[in-house]
Amino acid sequence: MSILHIVNKSPYERNSVERAVEYLRDGDRLLLIEDAVYAVIRGGKAASLIDGRNAAVLGPDLAARGIAEEKMIDGIEVVDYAGFVDLVEACDKTQSWL
Amino acid sequence: MPIEVDGKVLETDEEGYLANINDWVPGVAEVMAKEDDLELTDEHWDIINFLRDYYEEYQIAPAVRVLTKAVGKKLGKEKGNSKYLYGLFPYGPGKQACRYAGLPKPTGCV
Amino acid sequence: MATKKFMYVNRRAPYGTIYAWEALEVVLIGAAFEQDVSLAFVDDGVFQLMKGQDTSGIDMKNFSPTYSALGDYEVTKIYVEKESLEERGLTLDDLQHLVWEDEDDDWAEKDSIRLVSRAELAEVFAGQDVMFNF
């Protein structure tokens, strides 16, 4: 049973990203939205948490916060709202780390 | 009280400011001025357009003090004083001109 | 009324919560009282000043251009904490360039942002009369 782990809190303020990553199992996906998108900034301490974890990130939330593509670490999938829905569909259930 | 401009009914808040800034057309200022028995001149329009540009750039309606200084810089010292601005907009350059310009009430105005 | 030194400390990212916008409104309203106002951006607060914010996809007001108006409101001391920037993979180049115009110096543009270390900012805090936290 695959789980889509959704995080919306800044990794610099809460431990939600860190904890969600620890709960990731094979076949699970991690989706960063709202303030959690700050985790993708290259050179940031939080980037190491999600590096190599096949994380997805919501594009409109990146743009709102001024995080350009070249500021991101490699291996992150940027999705739009339709891509968000696709991820929800592709996984058996979702877990929101509030 | 909604106002009617160019055949369209536009929503306003309880103090008469446009509910939606994107509804603004020059006719809004004309209609509001008419209700206040005020004839809009080029001098009025300079201030209204200035306010719209300011909002476009900074996403806020400036406080009167800021407006006065900025007008002085852009339109000349003789216009950058409250006497001149109150002469044009007797109900207060911040409130009245912002209302005509379709902006929200200036931040800090009560 | 004697002038007091007011410090507004911003520690939250924009958009995720209302703190950043509320702080900005309070600063703009407070500026009418002609006090000696400073702003500090610490922890996630540094994200408020990021360049190139575009909120068209999230249906929220983009208030990042409003920081550029602070100079008009005579808010000319904006402290950014170096450690917070570095921890987040950012440099001053990732932030907006904020300036104020010095009326007494033929409207010369001067930098508002001061990059300071945590220890230096602690000293700045110590010299304030009133602290506001957001």
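Per-chain residue numbering starts at 1, and chain names A, B and C are given in the order in which the chains are listed.
Keep this in mind: contacts are C-beta pairs under 8 Å (C-beta built on N, C-alpha and C of every residue); 3 or more make two chains touch, one makes a residue touch a chain.
Note that the structure is predicted; figures quoted are calculated from it, not measured.
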Chain nearest the overall C-alpha centroid of the shown protein atoms: C
Chain pair showing more contacts of the two, B-C and A-C: A-C
Whole-Å gap separating chain A and chain B, where each centre is the average of the chain's CA atoms: 44
Length of the line joining the C-alpha centres of chain A and chain C, rounded to whole Å: 28
For chain C, residues contacting two or more additional chains: 62
Touching two or more other chains - residues of chain B: none
Chain A-touching residues of chain C, taken from the complex the two chains share: 12-16, 43-44, 47, 50-58, 60, 62, 64, 87-90, 94
Complex interface listing, chain B residues touching chain C: 57-60, 62-63, 65-66, 69-70, 73, 107-108
Residues on chain A engaged by chain C in the complex (per definition of touch): 8-10, 12-13, 34-35, 38, 41-47, 59-61, 63-68, 71
Chain B-touching residues of chain C, taken from the complex the two chains share: 25, 28-29, 31-32, 61-63, 65-66, 68-69, 72-73, 101, 103, 107
